Every structure is written in structure tokens, then in C-alpha cells.
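In what comes next, chain A is part of two complexes: it sits with chain B in the first one and with chain C in the second one.
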Partner chain A sequence: MKLDTVALVETPEGTDLHAEVVGLVPRALAYTLDFLIRMGIIIVLGIVFSFLGKAGEGLYLILFFVLEWWYPVYFEVFRGGQTWGKKSFKIKVVNDDLTPISFGPSLTRNLLRAADFFPAMYVCGCISVLTTSRFQRLGDLAAGTIVIYEEEERYVSHSLDQVSAVAPSYPLTEEQQSAFINFALNRGRMSRDRQTEIAEIIRPRLPLNATDAAKYARGVGKWLLGAR
Partner chain B sequence: MKQLEFEGRYSAFWNEMESVLADTSKASALTLSEFPRDYRRVCQHLAMAKSRRYATGLIERLNALVQAGYEVLYGGAFRRRGSIIEFLSFGFPAALRSNGVFIWAAAAVFLLPYVLIMIACMVNDQLIYSVMDASSVRNMESMYDPALRKLGRERQSDSDIMMFGFYIYNNISIAFKCFATGIFLGVGSLFVLFFNGLQIGAVSGHLTALGYSETFYPFVVGHGSFELTAIVFSGAAGLKLGFSLLAPGPYSRRKALQYAAKDAIKIVYGVFVMLLIAAFIEAFWSSSSSLPIAVKYSVGAALWAFVYYYCFFFARTRVAAYHSQYAA
Partner chain C sequence: MQLNSLIVETRVRTAWSAIDLGFAVGKLFWLRGVLLYLCVAAPVFLLTRFVTDIGSVLPYLILWWCKPLFERPILFFLSRELFSEPMGFTRTLRNFRLWLMPGLAWILTVRRLSVTRAMYAPITLLERPNSSQYSQRASVLGGKYASEATWLTVVMYHVESFFYLALLVLLVIFFPDQFKVSFAWFNELSGNNTYVDIVYLIIMAVIAPFYTAAGFMLYISRRIELEGWDIEICFRDWMVDYRANMAQGQGVVSKQTQREGANV
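This part shows the complex of A and B:
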């Protein structure tokens, strides 16, 4: 894969692990959600503490401090790299070697929010995310962390149950083979019209006895997977 | 081997791995027995699936499995780094002592404007208005006016708690920002240090010139030990970040920044604790006006002595040993 949103890490076993890094928009949305959650908590507790007089005011400021600086650290370290906002967008923070984030890097990246925020509205952070290859804000660069998508939806191997395998009528290159296989396996994620549209590309090379291009392509895909 | 045959042969094993890895605690327990072997087997399957160009879906599934196993096997190793008490006894002083240059630099940027403007404000009683606005000056003057203090208004304990919260929120946020903005080649930290030095110096000079020494100094001497020192330390940590970008040495700038941050964050842990202590002293001890001035001065002196002894002289050999053990 030559997609530039993929972070590759070689494990000690010599296998390449890959993860897809998250761009600016989902991160900003997740942040906004976290921000709203934090504001909600602050408003509710502000009302509660207002009944406690001056001592309540002090406790409220401590709470404000904790929510501002420690809320993300708690979730990143103890809840698998996900604040509520990140969880709802299915993204998470990890170290750049894809191990779970620990306390030091988490605190580093969250303290450096102050620098990312500078001068206002995360301007520096946005510039940094947009210009670095793994979409890291300044805090991520200093802490050595990246934000990645959680694993994809599960792969369903029985999506081919009703398809009968068809031997290809002409020799296929390696790339063509994987195109057929992926077409066959990704059926569930595409609308019927889109499937037909894609499959029509091979219409000129369709054998005479085949009429439905999409069905033929799936059959070839299944055959290439090893079914007979 | 075709993909379907490959899947048929191993999918039971993968399913089992998936159910094992779904429960993190169970997987950690398995780290001791056959888990590493099974994990390596999945790694091998992933490598095979990739080189044989099996479908993306299968590769994704195996990748997710390897990822989960990798987290279980290697993630835990980075967690344990000694206890908090061990860190506060040796780790924090070690981090400070190995970054002496940055601390000297930060101290200079804080203290020079402090001393200069303090003298200037003692000479010229209008100069304070170029650093603070008029209402803040009035506010501050009335806070420390001995004539008002003599009325004997002892603050209530609930307003002590309020001030405690305020000091935590305000002072620690300043220290954190002072550290964070150091990433801009140190400029942010320099600014925060310089500006705070200027402001605190101006206040001290102005109040001294007004003859409010007997209320001002007993108030600040106690918590100042922790607070002012901690602000300088946070600036030093920020300068370290900035300097790593200016002079990365043998590393790439990115790597140099990461190494610097790893060290600097240890200073920030300590700064956090110091400022908690400072907020506590400031809210519950410094504010008390019923204690004799002599007691406040002697406790203040003891606190300053403690802070400097602890940071730079305490347990030298053990701290050095701790440093060489964890520096690598």
C-alpha cells in the first residue's frame, strides 16, 4: 500500500504493523465533543458548588484545573488512549511505535496543548497537523505519539456463500487478481448500482455465456481465493 | 496455498486468539506461558498473508490481531518506573541536577528583571504603573496596607479554601504554559519568566518603598520558596525543549525534541508537586495574620533552605546513581 496516511512499524518479530493515522477534521470534531462534555460537567458542578459558598468556589477552581489539564491524561492512560470524544469517533492515541500510551508522553502531549492552542483556537496545532507526515500536533511531536483509527470493521469471509466460483477466461496479472478478490469480498460495503458500475469495466472481456458482469467478477474472485 | 485454504486451516486459532485478546487481563496472565509463541505465530501469518497478497480484509484482521498482541506483550514493559516516593526523593532532584545550565539560564531571565525593576520601583514610585494598571495597584496596596491589617481581620477558613483553589488553578496553569510555550524555540518560556520577574519585582519594590515590608514579606516568604523556584524550574524545562530544536546535536530535530521532552517532563512532575505545596502554604499559612512576624520569617527561611537543600544537595550519591540508572 502506498497510501500516505498509513503509519508502518516493524515489530521485534520482523512483521510490519500498520495503522491509519487520523487527519485534522475527525480530531477537531473529537476535541469539540470533549470540550462540550467538559463544559457540561463544569456548568453542572458550578451550580452544585455555588451552594457551598466560598469554599465551593475554591473547590470549583480546583475542579476546573483538573478538567482542563488532567481529563485527557486520565482517559489516555487508563482508558486505552481514548477520551469520550475520541471513542465516539473510533480513534485513539498511541505511542508512535503503536504501543499503548503511558503517563509521561500523555502528560507531555496534553501540557503542550498550551503551545498548540497558541495564539488562539489551536492555530499552531492545526498547522502542525497539516504539515507533518503523520498528522502530529506539537504535543504529539514532543511526546512521540500519533492518533490512529481503531481497527476496521470485521472481515466477513462468508459473504461469498451464495456465489459460485468461476475460472477466469483469460490470464490475470497479480494486480488484477487482487482487484477481483477485493471486489468479491467487499460486496457488502457497496451499493448494488456501484457494484454494477465497477464490474461493467470488464464487460468487453466477459465470456459469451456470462451476462451479469458483477456476478462474474465475484465468481472469479472466489475462484482466485481457492474455491472450486 | 490459496486464501480460502489458509483461512480454513487457521481461522479456529485466530478466533481463539481474538477471544483471548478481547480480555486484556487474561492476555496479560498468558504472557507467562504459551502466549508469546501464539503471538509470533500470528505475526508469521500476517507476513505470509501480505507476501501472498491475500485480500485486504484478511490482512486487516491479522494486523488487528498482531496489534492487540503487540500491545499486550510490549505495552506493559514501559509502565513500571519506580514509585512516586522514589521519584520525589531521587528522580526529581536528578532531573534538576542534570539540567543545571537551563536552570541557571531560567533563573537569570527571572531574577535580573526582578532585581532591576525592584530597585527602580523603590526609586520611582510611579514606575509601577508602567507594569500594572491603576486598579490592580490600588488593590495590591490595600491588600498589604499595615493600617488596614491592624483591624485584625482574620480570614475565614472557607475563603482560605477559595484562595487555595485559585492558587492551584492560576499558578499551576501559568507554570504549565511556561513549560509548553518553550517549544517555540524557548521564546514562550523566556517571555513568561521575564514578565513574571518584572511584575513580582515591581510589586516588591513598590510595597517596600511604601513601607509595607512588615506585611508583605512575612506573607510571601513562606510560599515564595516553593512558588518562585517552581516557576523558574518550569521555565528551565521549557528552555530545554526550545534548545533541543535550536541545537539538536547528533539527532534529528524531531528525535532531539522527544528526548528533551522525556527529560523535561520529569521536571514538570516536580514543579506540579511544588506548586501544590506552595498553594497550600499560601492559602493556609501565609494568609494567617495572627502569627508573629518572627515565626513567619523563621519558617520561611527554613522552607527556602529545605527547597534548595533538597533540589541541589540532598543525597548526592544516590541521586547521581538514580540518574545514571534511568538516563540511558
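This part shows the complex of A and C:
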């Protein structure tokens, strides 16, 4: 088993679901962004309510409380597990079986921020994220939630315009399919020599008429992406 | 370089995901990383104690400036262990010639102030390019991930300071009679108190394996992408299976023909 940052969930139907869990750095940055947004709102509210005297002060404190404790809960429950900060980093909170988070777990994980904050600046939460295998802070552990990356559409298919699709003549496993697709998309801009070097590895499985191995492998990749 | 022996999953990742993987790697080799760090950092720490005047800011500056040097044994150790080459703590120390000097002058001068140094350190240590090759490699490898590598440094710098702050808060919470939060106390803390400085050195060492590993994984995952390691590994595994199947198939066929031959 190779080291990876993926949370695997087996459903009762026997299908495997997986999602990439999010580590300390993006989570800390998303939190910081949320924090700045909240501070911005609180400062603006403070200025507005300062004109309303004592009543304004009371209202301000109530709003401060609501914003501080319910801002994440609201976004997690009603906005698909994403506060603004999380959204900008394309990450979201889900239950650890990858179902959407509901009110109870969201409240638990956000009330336990106090535990994560202890003794200062979220150091306990930080240690917890660093040491657990699915990067959970204490609140996550208690609520049974994880933070994952949103699935991204990573294909830019116009780079394949000059390639003609080739149907593979034998069944391919899932890994082999993604290898062909990655080969065709050539995200790392490999040189032609390097492409040929890699494609020549599968020479024994190429049809006899495929003289250019790289061209053939790209064609299969394009076919697997849906082109015919 | 045997790609098949990589201990991490090779796939095309985002830079954030590469950093996360780095933290998983850092956790796996954490204890040995911390000890390696201290092996280099502690002598320098002692030197700064004896050489400079007490009360000066110089010891801190020297320690901070030498951070890339302290991270080198961790990086060397990780670079071998990542390919399942058993390196371990003592063998890393014994191989100090391979990681102590090469490119040291570079990383302690012009390359020291780079905020993306964790990602570029592997280039200096493992590829040992000359300066023009280096800038070429750095722009090819680093350009795309520069922003995330910068944030890695920023976040880890803060984590380090927060650990320190948290320890101070803990002291105040658990020993309220001995420690009172006051300017005098902070002055005492920042005035070359040996115990305080040792604690800070240990915090540096605790964070370093994560930071180094995250930078190294940024470097590795960029190479996976640039050189198609994921594809190469998949194709090679496939061919190994294919040849094994073919050999097995031929074995079956030849046995059948033998049996048929016997029947005839």
C-alpha cells in the first residue's frame, strides 16, 4: 500500500468511494480568509451600531456572537459544506462517509473549536491535523467529519485536436485507462523523446501496424476521453 | 532511480495536495527527522552561545539563517527513504559528505532568502547543478507551484511561532503563581535565557520534518508531472503482468500439447 492522502469509503453496495483529504496548509489559509471576512463584517457592524447608543451595543454583541459561532455552521449546512474561505480553496466539509454534512455534526465540530484553539492559536487542532491519518482536527474527530477537495474537471481537450482517436483492441484496467489519458493530455509537456521512451515500454501490446508508439498511445487516450 | 520502489502514490496532483502528501511523509519519518535536525542544529546553537555576547540578537539571527543547513540531513534522508532505500538515522549521519557541503555556499547566501526555498532545496542538494543550470531547473520545476510553496513557508513560519506562544500560555495556565504575564516577563524571555532558547530550538526541530517533506513533495510531484512517472510506472507494471501471463499461457499450452502428444 503506497502512501497517499485519500480517504476510502466502501459503501454497502460494494462500490469504493474516494476523496482527497485536505491537510494543514490549505485549511489554515481557508480559515484565515474566513477570519478576515468575519473581522471585516464585525468592524463594519461596530461602526454602524456605534451610532445607536446602548441598544446598539447590545445588538452588536448579539450579532458578534451569532457571526462568531454560527457563520461556519450556516455555510456548512446550507451551502454544501463550504464557507467562503473553503470555497476559494475548492475544499469542503463532509461526513467521514463522504455524505453531505448535516446540522448535528456541523454544530459539534464548530462548538469544539474551543478545544482546537487551546491553549492558543489553534495549536491543539494543528497537532491533531498533523498526526491523524485523515488530517482531522479535534472537532472533526468528535463530529466524524473530514475536509476534502472538490472534484475538479481537469481535462482540456483542445490540446488533442491533431490526434486521431484509436480504439484499444483489448480491455484496459482503470489505472491503465488513466495512464493513457494522462499520456494523451501530456500535462507536464514532456518532450517527444520522453513520450516515445514511455510509449515504447508497451511495445509488446501495440498492434503491429503502429509504428509510432507515442502517437498510438495518445490516440487511445483521446478515445478513452470520449472522442471517436 | 527505480520508480517502482517509490513509497508514495504517483499521480498527477495539485500543489496543495502535494503539500498534504508531504505532511504525511513528514509524519512517517518525523522522529528521525527531528533527531537529524538537532544533530546539526545543536552544535551551531552551542557555538552561538559561546561565541557571541549575551544579550545580542546575533545568536537568533545565526540560528535562523542556518535553517536550510539544518534541514539538509532530513532532505537527504527522505530522498533515499522515498525510493525504499533503507537509509535510517545513523547511515544518514555517516554519509554526511553527501549532504553537508554540496551547494552549501549557495543555500546560505543568495538562495537563503527565497520564500520558496523548501521546494528548491532538492534541486541544489540532489541535482547539484551549476548556477545557470540551476536557474533553468528552478524555472521549469518551480514556476507553476511558486505561490503554493510561498504559502507553505508563510504558514509554517506562523505554526512555529504559535507553538512557542502556546507553550508560554500553557506555562501561565498551569503555574499562575510563578509566571505572570507582564512586559518584564517577556523581556526576560527574549534576553538570551538558555532554557527558553533550547525550547525554541526544539520547536524548530519539531516543525522542520513537515516543512522539508512538504517542499520535497512539491518537487517530486512536479517531476512526476513533467516526466510522466505515473504513466511510466503503470506501463511497466502492465508489461510485467503481461509477460508473466504470456509465460504462464505458454506453459499451459506446452503442457497441453505434451498431453495430446502422449494420447496420440
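Note that in this section the second predicted complex is superposed on the first by the 156 of 228 C-alpha atoms of A that agree within 3 Å, B and C clash if a C-alpha of one lies under 4 Å from a C-alpha of the other, contacts with A are read in each partner's own complex, and residues count from 1 in each chain.
Everything below uses one rule, namely that a contact is a pair of C-beta atoms (placed from the backbone, for glycine too) under 8 Å apart; a residue touches a chain by one contact, two chains touch by 3 or more.
Predicted model, so just to flag it, every value in this text is computed and none were measured.
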Contacts of A:G144 with chain B and chain C, given as first, second, both or neither: first
Applying the document's definition of touch, where does A:D193 land relative to chain B and chain C: first, second, both, or neither? neither
So, A:E57: does it touch chain B (first), chain C (second), both, or neither? first
With both complexes overlaid on chain A, does A:M121 touch chain B (first), chain C (second), both or neither? second
First, second, both or neither for A:G23, with chain B first and chain C second: second
First (chain B), second (chain C), both or neither: which does A:P100 touch? first
For A:A179, decide between first (touching chain B), second (touching chain C), both and neither. second
Check the residue A:R113 against both partner chains and state whether it touches chain B (first), chain C (second), both, or neither. first
Intersected contact list for chain A, partners chain B and chain C 152, 154, 178, 182, 186
The chain B residues in contact with chain A across the complex are 1-7, 11, 39-40, 43-44, 46-47, 50, 53-58, 60-61, 63-64, 66-67, 70-71, 74-75, 78-79, 156-159, 161-166, 168-169, 172-173, 176-177, 179-184, 188, 241, 254, 257-258, 260-262, 265-266, 268-269
Applying the document's contact rule, which stretches of chain A touch chain B when the two form their complex? 11-19, 53-55, 57-62, 64-65, 68-69, 98-100, 102, 104, 107-108, 111-115, 118, 138, 141-144, 151-152, 154-157, 174, 177-178, 181-182, 185-186, 224-227
Of all residues in chain A, those that touch chain C in their complex: 2-6, 20-26, 28-29, 89, 119-123, 126, 130-131, 133, 135, 149, 152, 154, 175-176, 178-179, 182-183, 186-190, 194-195, 198-199, 201-202, 204-205
Residues of chain C touching chain A in their complex? 6-12, 14, 16-17, 19-21, 23-25, 27-28, 148, 151-152, 155-156, 158-159, 162-163, 165-166, 168-170, 173, 210, 214, 224-228, 230-232, 234-236, 238-239, 242-243
